[in-house]
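Letters are used for the chains, namely A, B, C, D, E and F, taken in the order the chains are written, and counting of residues starts over at 1 for each.
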Amino acid sequence: MKLAKPVVRKLLSMYIEEDSYYGDTTFTLETDVRAEVIAKESFILSGAEFSKLCFELCGAKAKQLLKDGDTVDRGDKILKIKGVSSHVLIAERTALNILQRMSGIATATRKIVEAVNPYGVKVAATRKTTPGFRLFEKIAVMHGGGDTHRMSLSDCVLIKDNHIAIAGSIKKAIEQARRASFTKKVEIEVSSVEDALEAVRCGADIIMLDNMGVKEVEKAVKEIRRTGSVIIEASGGITPDNAEMYAKAGVDVISSGWITHSARAVDISMKVDRE
Amino acid sequence: MKLAKPVVRKLLSMYIEEDSYYGDTTFTLETDVRAEVIAKESFILSGAEFSKLCFELCGAKAKQLLKDGDTVDRGDKILKIKGVSSHVLIAERTALNILQRMSGIATATRKIVEAVNPYGVKVAATRKTTPGFRLFEKIAVMHGGGDTHRMSLSDCVLIKDNHIAIAGSIKKAIEQARRASFTKKVEIEVSSVEDALEAVRCGADIIMLDNMGVKEVEKAVKEIRRTGSVIIEASGGITPDNAEMYAKAGVDVISSGWITHSARAVDISMKVDRE
Amino acid sequence: MKLAKPVVRKLLSMYIEEDSYYGDTTFTLETDVRAEVIAKESFILSGAEFSKLCFELCGAKAKQLLKDGDTVDRGDKILKIKGVSSHVLIAERTALNILQRMSGIATATRKIVEAVNPYGVKVAATRKTTPGFRLFEKIAVMHGGGDTHRMSLSDCVLIKDNHIAIAGSIKKAIEQARRASFTKKVEIEVSSVEDALEAVRCGADIIMLDNMGVKEVEKAVKEIRRTGSVIIEASGGITPDNAEMYAKAGVDVISSGWITHSARAVDISMKVDRE
Amino acid sequence: MKLAKPVVRKLLSMYIEEDSYYGDTTFTLETDVRAEVIAKESFILSGAEFSKLCFELCGAKAKQLLKDGDTVDRGDKILKIKGVSSHVLIAERTALNILQRMSGIATATRKIVEAVNPYGVKVAATRKTTPGFRLFEKIAVMHGGGDTHRMSLSDCVLIKDNHIAIAGSIKKAIEQARRASFTKKVEIEVSSVEDALEAVRCGADIIMLDNMGVKEVEKAVKEIRRTGSVIIEASGGITPDNAEMYAKAGVDVISSGWITHSARAVDISMKVDRE
Amino acid sequence: MKLAKPVVRKLLSMYIEEDSYYGDTTFTLETDVRAEVIAKESFILSGAEFSKLCFELCGAKAKQLLKDGDTVDRGDKILKIKGVSSHVLIAERTALNILQRMSGIATATRKIVEAVNPYGVKVAATRKTTPGFRLFEKIAVMHGGGDTHRMSLSDCVLIKDNHIAIAGSIKKAIEQARRASFTKKVEIEVSSVEDALEAVRCGADIIMLDNMGVKEVEKAVKEIRRTGSVIIEASGGITPDNAEMYAKAGVDVISSGWITHSARAVDISMKVDRE
Amino acid sequence: MKLAKPVVRKLLSMYIEEDSYYGDTTFTLETDVRAEVIAKESFILSGAEFSKLCFELCGAKAKQLLKDGDTVDRGDKILKIKGVSSHVLIAERTALNILQRMSGIATATRKIVEAVNPYGVKVAATRKTTPGFRLFEKIAVMHGGGDTHRMSLSDCVLIKDNHIAIAGSIKKAIEQARRASFTKKVEIEVSSVEDALEAVRCGADIIMLDNMGVKEVEKAVKEIRRTGSVIIEASGGITPDNAEMYAKAGVDVISSGWITHSARAVDISMKVDRE
């Protein structure tokens, strides 16, 4: 997935504005400077391309030394920047915040990906993201080796417990979902084996087993495979600690809100010097 | 600190758009529904006012049952909502994402606040926030009992290592900062006792001791107090685990990037039923 | 599919601004007026809900008398409006333009839907819409009984001739499409029976037969059905005149750019009177 | 009329966002490509300058081979594009939609222009345009040889039946219009010879004969010319089929909503190849 | 001229954001308050309607006690406001800035209007306005009894010295202006009697005599009246001090940049009390 | 203080749009031109950097010949511009309006600065600015040698009479202000010596003596200096005429609303010639 440049420019401009609506009051010395953005720990890099653009939108020149998705070690240089001091200093914090958070998400994602990869299982994100930063968080998941899953409510149909409650039954909920475009897959969230099988019979394309224990997931997978050909996703409270167990249970995909809503930011800093 | 309504409306509208630019494809049944937003664990509540507004901007009616800053227990009801199904369901995820992240930050902040409170020490945030969600994260810190510190580069002067490097010396950096408005305090980040004392002598209002060990902070505090009357802030790698030790070292303020960039989101869900 | 209110408000506000950035220069008499929006010919109604909102955003009160999707006859009243003259007159043209164009599209869509319905075939739109009005045109297709197909490049994967040219082969193009989310269907546009079969074998979910004659489509459908279980879509130059023939050829879906890019606007007017 | 670049950039960015808010999911292969935008039929070109800018805003290089207003034949190359595949493919549909619709309008306009030109009559557009695309549709009319007429309610005064109904009489409606700036012409829409003459006597600058038969227009023109010196415009249901008859009737201007609200889009495609 | 509500809401929201992007840091006590906006000197009121809307957009209730265009005396109450303290205090400065500047412009305009009124002469504004506040400044001119003249470059044609220099001659400049819509008047700025007469002969609708002395204007008016029927406007350095002399010279309109770019703001304050 | 480029671009684009939403109707001749922006009187230059950017955003090339803050004489050339006629002419008025108003403010500020400078007194602006142009007006004050004071409600705490009225007393108002960040200074507006001393005792950092006579200010200064170490600011009706007297009275800062809300614009023009 590639974002359109006008969309990226709009979002980055808004982020920079958020950090300097009334300008930078700290510094008034205008001199030419050089700067380097440096990793202070090991992680999976994400956000380098957008971080570079931040400096450029503020008037500085920037060069990307490492690629998004790369494994980075402590001391590695990510960007080189050249420009007038005020341009570089105004972009700094926004550029680092993007890098620190996106790389944190990519790193968390990669940990789960590596745990479940040997079992041929995919890792997917959820819509539990930070408001205003969703697009970048989803891309960080991609850089970590994960699947973006639904970008928004406008993506594939995903029937949850609330939808079923309103519709009256799994059957009715799936039936009404047919009114969405034939171009969309229909996914449904269930929390029991019975509901899973009912959903398969009603024609769902993807079955999400939500908040079920590993044993129950294992059982559900077996029965679902017997009933029809669908993609099986496990979700709910999955972290690097328990991901492998779910993978062994035979699902196709593991989705995790944790990788976007609670991943730790990584440590990155910028060093500036007079030209 | 209170945000202006037009600013809040603009940001919330953007967050809702981010989750449903092309509309909600999952559900087409239009019926009247009731919903409740419920805590799934204990935490400090933050975001209830904004979450309520999300539902209202989407066309539903919402009532806030608990106040931001309140301590919430598992099972507590935060909001009651009434409205047409599509209005409620389109607002849901954005409203929950706001609550989960803001409450996570407020809860993390409160933990440090409680650890350092007995020593008369304040907890402050940094600018290490999520791009696009800064204003709300700063308010979550307030709800947790913390101080927002600088909202942006436009707030008080904060001279960092990069500024000193460009200016040539602490003295020159503080001198040029005088060009900022007399209405602004001048804060400076130092990492040695010598630099701290030099900064006090040059007229800084706030001395931030950055990334210094507890022992060194203790020593710096003593010598700074002897030299002049300034606010002393400790920063760098402070979490609930080590905050108390820094408080005991005699600083006035402890600032923590961790509370905004790496706090865990809390668990909150919404339950919808047909009217 | 339901649009989020904040998105609708933003778009309608922009449309009203487009017609009155510097205000209305024609009229300065402020009196209370009543108005009616009236159909001047028969058509399928679309845009009534948005049209109503236009008047409300400009300060007037409006009541919707007919529902989007309804069949409307010459002389039927669509909306009743009450308010101050300047509010009603500023909203008028934008409200009518929305109604006239959306109803034109819904009516054109319905014509094809009725032609192919007896054969169990769906009608879908394309992305050949008017820039700035896409969302409303897609909803007009829905009101006409059609399927929105892809709202944007962000929806399901759709591999076209240009993608195949760059990738080198149908196989490579489908393979790389796997990097998109597992939640997305993979559609591919082909213009020969051979390519269609190759695409089925490579795992495409939807085969679009583009710009092929009816005979060839018939042949393709037969061979595709023999090879695998996919959705078959015919596209390219389809209008009410030839839609039935394609439907008879056995496809599942007929998609038409004509319904959005070249449908005739219907005739609707507004009549204002002093209260 | 020339649009300001910042206005054009804002609109084009919005159009591109509308087609790719969440990015392009189809294609992930990043290679250098060349592309050509090619006419698939004969038409009057419009939108080439804006189409070129679309590609540039997305990061590609584009060269315009033909000028807006030119007559284009099947097979003619309109633009040459060079760039990274994702940049070119994200811009494609929006660029083509602009060209197809604007050229469709220019072509429709030119047809009427050619029919009425020999009689020294001008062709003008109306405000019956597509919401969100008004500015570009008006420019397409110019490329077709037409007159933009009012860009918006903020342009010249145009008194319609609804204004007269509220004001109470033609006289009162024209009198209150005097409160608008002296820099504005006053146009009035009438549907009878009597009203036309009354309007001339009250000082209108332009008389629009609305929805009147050719015979009646002929009669009105004669009497108006005898009464005063004004511009006479015929409007209402005018298409290429009947335009010449109205021109012969002696009016100065013919205005047509049809050229913007119901013109057929022309056929244009883009061909991409690996560099 | 009446502005559209969505345009007004957008501008006022931006003005409020400009004064409180990061919220109000001064006050944290939330109580119900009453407030009054009071004139501290005599002036022509302008901006009361927009000022009222400012309070409403911030969440307070407001009642307008005087109408825009009214003559206001020291001590007169303009608005009454009721609401939560933070809502009232956030709106205060923006609401007062709008009132003070708009009323200043209306008052300056009225002074010239009263000086030239007895001679049947109109007063018009120019485009020398404050960027970002143009629309409101033009409306203030209206409230003062003046004519808005061109709202923007998009209004009537106005040929200036630079256009003539580029075109090569007055004749060529007017000829090319014919390419603008027939709905637009053609105004031309000249600074000699000869050029004025040439412009009349070439068909200009309005002749602006720019920066000419009163004697020369008098002479020009006589000769222009002899040559053709046009509107004559005097412009350049006109203030309340010299306006009457220009009016006596026989022009139809006097335009003044001074009323918008250099009018003194009037004194207005707000008094708040606890409910 | 330095503004971020994305913020400046957004504001300038909006200003240009405000002057040409529907394009420039006057001129259709596209030729290459040169232009010069020339001072028509003596003043302090401000806005040259932003004015230059206006031309660039419209597509022309511009070179800045003088620096913001420079003293400019009649006839001095400020900018040289090169480009296509439509690009240069669309930017002209906005670029000049920025220069004329900002230089007017800088010039007014400089006058007061020069009057109070010998006494070591600073000149500060207020929030009495033109809505939509605040940021530029504050920067103009800086170019004139003044202090921006609060950019917005989000800057330092400033307790006014209304806040004291709501809080109940100076003491309570200052106490609640402590809830704002420790990074903010606390300023309070008083109008009597007693209140001033009470404010000093309650811990205010800055005392603003509002609308007090010179004698009373003198007395207040003496007593305040005896009571504590604070910054003393005089405000209310200060213009170049009376500023020196207040400076002599011993205050540290003089703040003036007049320099932003009522400064006269300076005279600047642009001369264009064919290349």
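Assorted remarks:
Please note the rule applied: a contact is a pair of C-beta atoms (placed from the backbone, for glycine too) under 8 Å apart; a residue touches a chain by one contact, two chains touch by 3 or more.
These numbers come from a predicted model, not from an experiment.
Shared contact partners of subunit C and subunit D comprise A, B, E, F. Considering the contact criterion stated above, the chains in touch with subunit D and with subunit E alike are A, B, C, F. Of all residue numbers used at the contact between subunit E and subunit F, over half are used by both chains, marking a mostly same-residue interface. For C-D, the equivalent interface within D-E, E-F or A-F is the one where over half of the contact pairs agree by residue number, namely E-F.
Put simply, the C-alpha centre of subunit A and that of subunit D have 44 angstrom between them. One simple way to say how far apart two chains are is to compare their mean CA positions; for subunit B and subunit D this gives 51 Å. In terms of their C-alpha centroids, the spacing between subunit A and subunit B amounts to 22 Å. Residue positions 1, 19-25, 27-28, 90, 135, 151-152, 154-156, 180-181, 184 of subunit E each touch two or more of the other chains.
Taken as a graph of touching chains, this assembly is complete, with every chain in contact with every other. The part of subunit A that touches subunit C in the complex is made up of residues 1, 122, 124, 147-151, 154-156, 180-185, 187, 206, 231, 252-253. Considering their complex, residues 1-7, 9-10, 135, 151-152, 154-155 of subunit C touch subunit B.
Residues 11, 14-15, 18-29, 31, 33, 35, 85, 89-90, 92-94, 96-98, 100-101, 104, 127-136, 152-159, 162-163, 165-167, 176-177, 179-181, 184, 257, 261-265, 270-274 of subunit D touch subunit C in their complex.
Considering their complex, residues 12-13, 16-17, 19-25, 27-28, 57-59, 86-87, 90 of subunit E touch subunit B. Residues of subunit E that touch subunit A in their complex: 21-22.
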